[in-house]
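What follows are several structures.
Two complexes are shown next, each including chain A; its partner changes from chain B in the first to chain C in the second.
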Partner chain A sequence: MSFKIMPKAALPDWVTWLKNRYRVVGPTARQGQYVFAEIASPDELVLDYPTSVLPPKKYLLPQRETLFTFDAQSMQMKANIEWEPTVILGVHTCDMHAIRLLDKVHATGYTDQHYQAHRQHTTLVSIECLSPCMEQSFCKSMGTLTVPEDYDLHLTDLGDSYGVDVGSEKGEALLQGFTAIWDPTSEDYQRINKVMAEKWPRFSYRLNFDVTELPDLLALSNNSSLWNELGDICLGCGQCTKVCPTCYCFDVRDEVDLSLTKGQRTRTWDSCQIDRFATVAGGHNFRSTRALRNRHRFMRKGKYHLEAYGLIGCVGCGRCAAACLVHITPVDTFNELYRRHKKGEILEEAKQA
Partner chain B sequence: MTTLLKETLKHSSIYMPTPARITAVKDLTALEKLFTIELPSGFSLNHRPGQFVQISVLGVGEAPISISSSPSRSNGSFEVCVRRVGSVTNAMHALKPGAMLGLRGPFGRGFPVERFRGKDILFVPGGLGLAPLRSLINEVLDERGKYGRVIILYGTRSPSEILFRDEIAQWQQRTDIEFHMTVDRADESWTGNVGVVTTLFPKVQIHPRNMVAVVVGPPVMYRFVLMELLGKGIAEGNIWFSFERHMKCGVGKCGHCQMHHIYTCQDGPSFSYAEIKHLEEAL
Partner chain C sequence: MSAKPKVAFFEFTSCEGCQLTVVDSLQDHPELLDTVEIVQFREAMSEKGEDYAIAFIEGSCSRPSDEPKLQAIRQQAAIVVALGACAHLGGVNAIRNRMPLQEVREYVYGDRAEWFETYEPRPIKDVIKVDAVIPGCPIDRREFIKAVTHLLQGRMPFIPDQPLCMECKLKENICVYTRGKVCLGPITLAGCDAICPTYGDGCEGCRGLIANPNIEAMRQVMHEHGLTDEAIDAKLSMFLTNQIMALEEAG
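Take a look at the complex of A and B:
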């Protein structure tokens, strides 16, 4: 839509200006790590952060959310659709790709009005990643090192100022009436081109093959012994799915107050890595081993989501790799499948199955 | 779209049920009861055989339950056969006529009944699988002239687990149905066939070219029955299953029922073998 320049010195004023109108959320430092949290004062905001423990997903799909309240005696029910006008600042490009997938999932088939309400009242201010954030990330390989077009505002750090791409009317509204921004000069354009050109060599490809080959590689790998090897070391803790920006599975529970009639139905994040996730009423578990559950997770990220929604389910943020206590990582898993495929082992195992 | 589903979709949350009243409860076995549920006045379920509803006991939770009555016999009310296995189904078993439940749905893709017309139909229900299949069987029997031969091969673990005894007695009387029954383990009351459901296959003539087979039962049964059906030459696209999966939402979001890229709650629970034969987690 348009492109503006905002001096870094104006950022605190802008955040304060936003805070008068919205709940403002962004990366903040907490005990040596970074978390997305509500910004109480502009100096808490750290836009130059490696990555956050949890993705900003938690503001669109809260860890715990009331779906409706009820009175079991009178059968009165009231839907609980919550939203608060929110600006999320400093969203990395990988997390923007993840939100794009979540948007698609929640709009496909039946609309999830709870997600929609959060999403429609959230304005996303993404930030260009100019240097690798952590050892485990592999966004360049997954094609998520550039921002998808769904941003409202997109910031690029130009040293003493930010380049501000306006992507939507919602984004434009964040700048309306804020005067400390100006139209770029030709030098600003040159600077942004230079910054963008210089960023790419700083990132490395970490997959040993092109990501477009991943779905086919996974399709061939159903019977790979690698899944058993991962299953042998996996602790089944579900941490990988808790930190994942594209995971959205949930559990549903009724909670009643002391009257035992009034209460609420809530949903909470759930994990396909937990042993009883796929157990049916008779006790049969369709994914009874950690090997099968690991296979499901990696297939879901690299293949199933692509088939169902046209978007890849892993955005290369590396959070699951960083969180895994036994060092199971998507990069190592995908690369090892590829190595075995090249050696002919994958086809051999497929034939034997 | 069905009227109850329309009501479900009118709610500001897709997860919020519509209240409905239980009008009758009938004991079928020690573990299973048949509930008649009356929809709010003027509503119809307008379901397809093979679809399910999400039933809520507010304060306890919600569970997906197959619809057991046929669309041809659902007039403002419908039936579900519920086995007491978890918290919601246990709570349902404690309810008496007059009690209220919450309903969402019907959800999922039922059996493609139109495609079955003009064909012979082989029904293979195992155990509680008769509950959803009864919906389709009665639909077919109510329009008997539109189908070829109707064969039912029903197996349960023991005589005490036989469901819908009254209806089975009627089916056994009819000359336009070939009905056979077996139990895995007999007791002194049992004089019929003993053995798993596949032991009934030699009792019927199967002409595969014009036959549809519909199989619903416990997961362990599917592979053995499938081998039998494929061995008889029935086309992969004419072998139909209904899958049981854990479902929390019914609308393709919670992830519990996912197999590969498919959500069983939305893309199923009925599938032809041709559709799922490449999915390792299906059978």
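Take a look at the complex of A and C:
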């Protein structure tokens, strides 16, 4: 839509200005790591951060959310659809791709009204990633190192100022009446071109093959012995799925109060890596081993989402790899499948199966 | 409205901390007293009624003479709930189960070893049928209230079957391993809201193992983080001796 320049010195004023109008959340430092949290004072905001523990999706799909309350005697219920006009500052491009996928998932079929309510009242301010944010990230391989066009505002660090891409009217509203910004000069354009040109060599490809080959590779890998090997070392702790920006599985529970008169239905993030996740009525568990659960997770990230929604399910943020205590990573898993496939091992196994 | 269900509390080998947690839960939920009638509760009252439908039992069974008492409770109660890690797992008391019993007796009681009756501490489910468990050392008071609510509804208490890491990550706690300590969170049942990691300590496993835990991988992780085999064994025996021994026996 338009492009503006905001001096870094004006950022605190802008955040304060936003705070008067919205709940403002962004990356903040906590115990040596970074978490998205409400910004109480502008100096808490850290825009140059290695990735956050949980992705910003927690403002669209909260860890715990009451779906509705009910009267346990009359069984009348009341939907609990809440939102707060929120600005999320400093969203990395990988997380923007993840939100794009979540948007699609929650708008398909029976749309998720709770997600929609949060989403419609959320304004996303993304930030250009100029260098790899942590050792485990592999966004360049996954094609998520550029921002998808879903941003409302997109910031690019130009040294003493930010380039501000306006992507939507919602984004434009964040700047309305804020006077410490200006239209770029030709010098500003030169600077942004330089910054953008310099960033790419800093990122290395981590996959040993092109990501477009991933769904086919996974299709061939259904019977790979690698799944059993991962199952042997996996703790089944579920951390990988908790920190994943594209995971959205949840569990639902009803609770009533002690007098048995009032109650609520609550959903909480769940995980396909948990032993009983796929247990159905009658007690049958159709993913009863850690090997099957690992395979399911990687299939979902690299194949199933693409088939169902046209978008790849892994955005290369590296959070799961960083969280895994037994060092299971998507990069190693996909590369190892590729290596074995090249040797023809998978085809051999497929024949035997 | 039917008569209030009659409830009794009993303790065997334990510190009675779980029963104190029950008393403590009245701070937030005084209405508990309106919903049940407590007929026995040594920690909180001197009257003793023998007519009860729900029995909460704290403590492990650590001597043969505990058994008839447990049988009597089972005969009277329609529902028996194991309250806390001792009743659920054998508790800290079970640390000694890997050692020869006679040696333990002599170490503790010296030349009076024969005066005291004792055997290997065991969860009460090894002695009588148990309908439900409220795990933890001590139990979580919110979970206790929730469990009572479920019982009032005619349901068995729901205890999460996820590993603790799931709850810990929801809170965005820094991983205890990142801080150079060790934690049994990956193999321990959640439900305590990850209280120990939240306050900076590793999980000790008081709520018991998840279904099908990967003990070998857990040992490997602790090893990588600097623990010797002996230290790992010690970690796994604080609350989990009986469960780990059972897994070893099953192969």
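The criterion applied here is as follows: the second predicted complex is superposed on the first by the 353 of 353 C-alpha atoms of A that agree within 3 Å, B and C clash if a C-alpha of one lies under 4 Å from a C-alpha of the other, contacts with A are read in each partner's own complex, and residues count from 1 in each chain.
In the analysis below, contacts are C-beta pairs under 8 Å (C-beta built on N, C-alpha and C of every residue); 3 or more make two chains touch, one makes a residue touch a chain.
Given the structure is predicted, the values throughout are model-derived calculations rather than measurements.
Asks: Since both structures carry chain A, what do chain B and chain C do when superposed there: clash or fit?
Replies: Aligned on chain A, chain C fits beside chain B.
Asks: Compare chain B and chain C by how many residues of chain A each one touches, and report the one with more.
Replies: Ranking chain B and chain C by residues of chain A touched puts B first.
Asks: Is A:1 contacted by the first partner chain B, the second partner chain C, both or neither?
Replies: neither
Asks: Mind checking the angle chain B, chain A, chain C on Cα centres after superposing, to the nearest 10 degrees?
Replies: So the C-alpha centres give an angle of 70 degrees.
Asks: For A:111 in the superposed arrangement: first (chain B), second (chain C), both or neither?
Replies: Only chain B is touched by A:111; chain C is not.
Asks: Mind working out whether A:250 is in touch with chain B, chain C, both or neither, as first, second, both or neither?
Replies: The answer is first: A:250 touches chain B but not chain C.
Asks: Go through the superposed model and pick first if A:260 touches only chain B, second if only chain C, both, or neither.
Replies: both
Asks: Taking the superposition as given, does A:323 touch the first partner, chain B, the second, chain C, both, or neither?
Replies: Touch status of A:323: second partner only.
Asks: Applying the touch criterion given at the start, work out whether A:134 contacts chain B, chain C, both or neither, answering first, second, both or neither.
Replies: Neither chain B nor chain C is touched by A:134.
Asks: Have a look at where A:238 lands relative to chain B and chain C in the superposition and call it first, second, both or neither.
Replies: second
Asks: Least CA distance chain B-chain C after superposition, rounded to whole Å?
Replies: Minimum C-alpha separation, chain B to chain C: 6 Å.
Asks: Which chain A residues are contacted by chain C in one complex and by chain B in the other?
Replies: Residues common to the chain A contacts of chain C and of chain B are 253, 256, 260, listed in rising order.
Asks: Show which residues of chain C lie in contact with chain A when the two form their complex.
Replies: 29, 31-32, 34-35, 145-146, 148-149, 152-153, 158, 161-163, 165-166, 169-170, 172, 174-175, 177-178, 185-187, 210-214, 217-218, 220-221
Asks: Name, in rising order, each residue of chain B that touches chain A in their complex.
Replies: Going by the criterion above, the answer is residues 9, 11-17, 19, 56-63, 83, 85-86, 89, 100, 102, 218-220, 244-246, 248-249, 251-256, 258-262, 266, 280-281.
Asks: Touching chain C in the complex: which residues of chain A?
Replies: 30-33, 35, 53-54, 63-64, 232-239, 242-243, 253, 255-260, 268-269, 271, 274-276, 290, 323, 325-326
Asks: Under the touch definition given earlier, write down the residues of chain A that touch chain B in their complex.
Replies: Answer in residue numbers: 67-68, 70-72, 75, 77, 79-81, 105-106, 108-114, 222, 248-254, 256, 260-261, 263, 265, 267, 270, 272, 277-282, 284, 286-287, 292, 296, 299-300, 303-305, 307-308.
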